[in-house]
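Order as written gives the chain letters A, B, C and D; numbering starts at 1 within each chain.
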Amino acid sequence: MSFNTFGHMFRFTSFGESHGAAIGCVVDGCPPRIPLQAADIQKYLDKRRPGQSRFTTQRQEPDTVKILSGVFFDEASGQQVTTGTPIMLQIDNVDQRSKDYSAIKDKYRPGHAGYVYDVKYGLHDYRGGGRASARETAARVAAGGIARKIVPGLSVRGALVQMGPHQIDRTRWDWNEVDNNPFFCPDPVQAKFFEDYLDGVRKAGSSCGAVIEVVAEGVPAGLGAPVYAKLDGDLAAALMGINAVKGVEIGDGFGVAALSGEDNADEMRMGNDNKPVFLSNHAGGILGGISSGQPVVARFAVKPTSSILTPRKTVDRYGRDTDISTKGRHDPCVGIRAVPIGEAMVACVLADHYLMHRGQVGEGTAWPFKPGA
Amino acid sequence: MSFNTFGHMFRFTSFGESHGAAIGCVVDGCPPRIPLQAADIQKYLDKRRPGQSRFTTQRQEPDTVKILSGVFFDEASGQQVTTGTPIMLQIDNVDQRSKDYSAIKDKYRPGHAGYVYDVKYGLHDYRGGGRASARETAARVAAGGIARKIVPGLSVRGALVQMGPHQIDRTRWDWNEVDNNPFFCPDPVQAKFFEDYLDGVRKAGSSCGAVIEVVAEGVPAGLGAPVYAKLDGDLAAALMGINAVKGVEIGDGFGVAALSGEDNADEMRMGNDNKPVFLSNHAGGILGGISSGQPVVARFAVKPTSSILTPRKTVDRYGRDTDISTKGRHDPCVGIRAVPIGEAMVACVLADHYLMHRGQVGEGTAWPFKPGA
Amino acid sequence: MSFNTFGHMFRFTSFGESHGAAIGCVVDGCPPRIPLQAADIQKYLDKRRPGQSRFTTQRQEPDTVKILSGVFFDEASGQQVTTGTPIMLQIDNVDQRSKDYSAIKDKYRPGHAGYVYDVKYGLHDYRGGGRASARETAARVAAGGIARKIVPGLSVRGALVQMGPHQIDRTRWDWNEVDNNPFFCPDPVQAKFFEDYLDGVRKAGSSCGAVIEVVAEGVPAGLGAPVYAKLDGDLAAALMGINAVKGVEIGDGFGVAALSGEDNADEMRMGNDNKPVFLSNHAGGILGGISSGQPVVARFAVKPTSSILTPRKTVDRYGRDTDISTKGRHDPCVGIRAVPIGEAMVACVLADHYLMHRGQVGEGTAWPFKPGA
Amino acid sequence: MSFNTFGHMFRFTSFGESHGAAIGCVVDGCPPRIPLQAADIQKYLDKRRPGQSRFTTQRQEPDTVKILSGVFFDEASGQQVTTGTPIMLQIDNVDQRSKDYSAIKDKYRPGHAGYVYDVKYGLHDYRGGGRASARETAARVAAGGIARKIVPGLSVRGALVQMGPHQIDRTRWDWNEVDNNPFFCPDPVQAKFFEDYLDGVRKAGSSCGAVIEVVAEGVPAGLGAPVYAKLDGDLAAALMGINAVKGVEIGDGFGVAALSGEDNADEMRMGNDNKPVFLSNHAGGILGGISSGQPVVARFAVKPTSSILTPRKTVDRYGRDTDISTKGRHDPCVGIRAVPIGEAMVACVLADHYLMHRGQVGEGTAWPFKPGA
């Protein structure tokens, strides 16, 4: 990863600003002969797309993705497939309202990147957050749509597990509920409560944070490259790099500090198919930076949207004290739309490590070993 | 970062196993003409060195670092300096007791990397954890000793803020206390309590987790490269990649989820030296992946040592159910020695981004801007 | 460099096939506040553009470049500048005639990449060479248009110095002549001869090779990173990676083998501005992988176009012997259009190393040193 | 590749100066379970080792390599194998005579890197060329010893094909002769002549250049990653980056310029084992940056050693005109010892691309395709 390029072998380079002509990414290193249509990607973009409920920004972006390169009709399979060359994914920006920003263009919104961009670069595109806008995450979701097709049998699902100070009840977790409410919440009771809660936040012109959990199942054991490209290290970078994220956990996360060694041990027993069964998953599926074959479990915390109605003290780009409040269109809880983004990043990290592992080790080893051997 | 190489511009490649001949790293991309003696590095290694109190492993490793390349006597300054070429740092292993491991060499210790290394690579060096041993972190601390010299005015300090379920009282935080107890704990009252607590854990043959906080002061505003080499993304990778770490936070971390947008806003006012003053630091010094000039604050959670006396269920490399308990020499709380390691990783990330920023932007910009300009 | 991404710090990732919707690249790592209009890039694309004389392919591509991101209006300077974020450069494909290829789609043209793409990827986009087409080089030329603006005072010029077996007379070298003939030839006499020569080749349905020389003036001393990112190593990769190139030389190139150490020595004397003057430039401006301040001189050989009328023996993708001759529209001497491509690659390598050097060393050193210091 | 790290997936990071304590490299990304003893590497180092005939420097370096990490005893195969973790290869420097250099430490030797290192870094280790010394190439040869074991069935052999202005007669090429003379020359007649020729050069205190050819057989078709990590691009970088190299060719190299398209075409016919047979190999085994299955043929030109007895005009580090002649111990023709170095670099590039290809594409495709499929 460097600058605007993600990944070691499954790589994508993203581009675009919130109010520019288009955003997108070039996906490189993708294996050839993977069936790929725009619709395979579009379905994930549709999950992230703004304007789908009163709980997200009312900006109307169809987020229609175009595949401009890297696919071709394969006579052998009779369908469009990847060719192994760069796949260009482009999404036009449609519903920019840049004049919303002219009133505040010289003022820094606390919590936004305007000040640091100005200090670093000497200017910044202030329209809708420019490059620092969460709109860039559409490129990640698009890349994730391809990544999901690379690891055979992989399933990556995300859910909102906390909104503001309110956590879900994990005993009610039902993956089927995630698509039945506008919050990607697996607890139907709490989801109902979140409606009222977030309506209150929204009407007050305020905002709240959230915690998202992503679970990847079907991850083969052995993915991860010691010691500076560990699977958990790369997941942490990928998730912390999502806009507004301030914390990342794997497995029990910060909870491990309070556990004893005895309680934290994920004991093992042999299962039926010559693979071990772990009796618990405190580790979140990763040991020593390498996947264990258990579900990979990651969580991340999203801060409350910085754009709020209540005036805040700030300075402007000319070094003058002032106040600011944000009108525009914004998400009261950006954590909601972070669910498909977190899923995409986890899928990309896993695809990347799947290819790296195959490169270094090939088809892998036959475990368990034979005692005489 | 890739495989065993850390960093974009300030890079180091580490090598070595716990019971091999030596461990160390090659530091590359370091600026020239930085005064450097082995003693500059040794002082940080001495903080991480085992066997210094009854609360860490009794393995006696002097951890003496040798600089085998990349330095030369500079006539202009009359001292040994870096030359801009690779700096080889080597630390001999001295006190291996590999036979401690022969009894358990075929069994996987729950929480250790033995199983995943075997599945990934088809074998692993079981002596003392091999490559997955925390002994590798000596290489990081050594590299960090150089990294600290690169960003002018930078100070990076770490502290243990939680042991087992017991947090410190932040109102008693005193950096001067960190070196007055064997835990790097800034709260002298709680440090006293930790002695008794950890003695109990140790005598029971058990272990406990910890939370470490690292604070970097003097970080210039503007470090960080959107969007896949953000400063917080790289910090998250660097800290999550430390052995036994399961969670990373920047600033308020997971606490941000429960904050309102109003409370989370770090308001700004102009200070005296043409720089803004932030009225709080919920962001932990990083906005949009770029440093804001405030102290960079990171926290990470370390799981309890997996090596415990109480037998745990496991399997062996031949796929047979068995039990295991670990005798050997181990830290009851590896979180303690993680303090200098966390400091080193934060220093390395900051040095790396300092050079990347200088490469792309040069000497930077003059903020605040002139209104007429 | 990896897969489809060029560069360490000044990086670009290219995408697109000859007959796809568009080609282009995402330029990343570019310094901010560099004035940039599409026209700054267009002028170099216009040099490479096909269909400008009877000596290049008659495919009519306007090669109009669009800048889709990474630029913004700078109030301070009153013009559009780079922002430091990714610059997306897109060129639509207009004049594809894919049906030209249907007759030969299953047959491999000797010298083309069709066979190796099929073996590697299991399929390939056969239309116009797909990803292996020299059409991809438009992306390089576009990126080069930005690269040229990064190193202050840099001038990069290329010239065709050999066509088929016919070399130019270097005593007649006149840079002003390069734009006065369709061959970028600095020798006006030989350029005249080339017209007749190439007409003959073209009318015979044959093709010929060429040698191109690129000279970069104003290269600061000190660029290049030992030992696996040497300036000459990166130039060699960049030039050898241009389609149809089979050889690269720096300075005297293969001629050095026949020189004695005495004759090869570029002797030095102090010049007027506290810089040394070299009395010759056998080294081509690079010593030990680092620029010396002399002009950087690189040459590369381009093979004759593989698409010829005379039937050649080949096989098809089903493993059957057959013959092939190519009709379509092709350059009789691809070396001609390689001139602006070679210039672009040299400019990109120099910009990349300029930023890397600035990152590692900063504003550099004051040579000559003071004896007392 | 970046700074002192070679490679994408098969990577090595080298360190060390000519007169420092040691040189060596850390090899990373190597597949596990490859049998590896120091002797496997030593045999290639012995080919490069100085002081073996009167035609190379009389510096006596045993160049004994130690493997400090990354190998372990494998119970399954009963031998020492690679573990998949970093392999540290270290070679102690033994026969430094640093005082040889004190007389000339302030003067730049024309053709050496002293001046550019001083300008770039502000100082340099002048003893024996420091980091710019060809002594660093021992690290490459050591890494190459491992690389040779990665691609199944690969053979990489090099030969000196020109010394000074004198080329070999290719009709007398006999690989068996390469080890029968001190020049790695495959033409026994010319080798005899080279003895007298080089004796004359040596006695005159002069030096001469050379051209080396490296041929890799058993290279699978399909290696190479378009378009900025092409196989030929990476070979060019790897060979041009060897000390004193000024030109690189693949296949017919610069000779292609003079060929017609008809003559340059490597025609194809189906062979016996479902693979095509090429009727010639002008392409040197690489098409479109991807290996074709033919032998990969690369050539590179080595300049005459810069250290000569005849005084040359130069300047010193304080900007004063002066003269210099070099006494010390030097190779009259460094091209000789470049043969095993060139072999090593070619082996490393091929190993690297073998792993990259396996990562992206897996076990590859079944060519030829079935017509009905």
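Here, a contact is a pair of C-beta atoms (placed from the backbone, for glycine too) under 8 Å apart; a residue touches a chain by one contact, two chains touch by 3 or more.
Quick caveat: nothing in here was measured; it's all calculated off a predicted structure.
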item	value
Identity of the chain that, by mean CA position, is farthest from subunit B	C
Inter-centroid spacing, subunit B versus subunit A (mean Cα positions, whole Å)	26
Centre-of-Cα separation between subunit D and subunit B, whole angstrom	38
For subunit B paired with subunit C, centre-to-centre distance based on mean C-alpha positions, whole Å	44
In subunit C, residues with contacts to at least two other chains	2-5, 14, 29, 32, 75-76, 84-85, 120-122, 131, 226, 361, 369-370
Graph class of chain-chain contacts, one of line, ring, star, complete, other	complete
Subunit B-touching residues of subunit D, taken from the complex the two chains share	2-5, 11, 13-17, 20-24, 26, 28-29, 32-33, 66, 68-70, 72, 74-76, 81, 83-88, 120-125, 130-131
Contact set on subunit B toward subunit A in their complex	1-6, 8, 14, 108, 110-113, 115-122, 131-132, 136, 162-165, 201, 206-211, 221-230, 232-241, 243, 245-262, 264-270, 274, 276, 279, 282-284, 287-293, 301-308, 310, 312-315, 317-321, 335, 357, 361, 364-365, 367-371
Contact footprint of subunit B on subunit C as seen in their complex	9, 29-32, 75-76, 84-85, 226, 355-356, 358-363, 369-370, 373
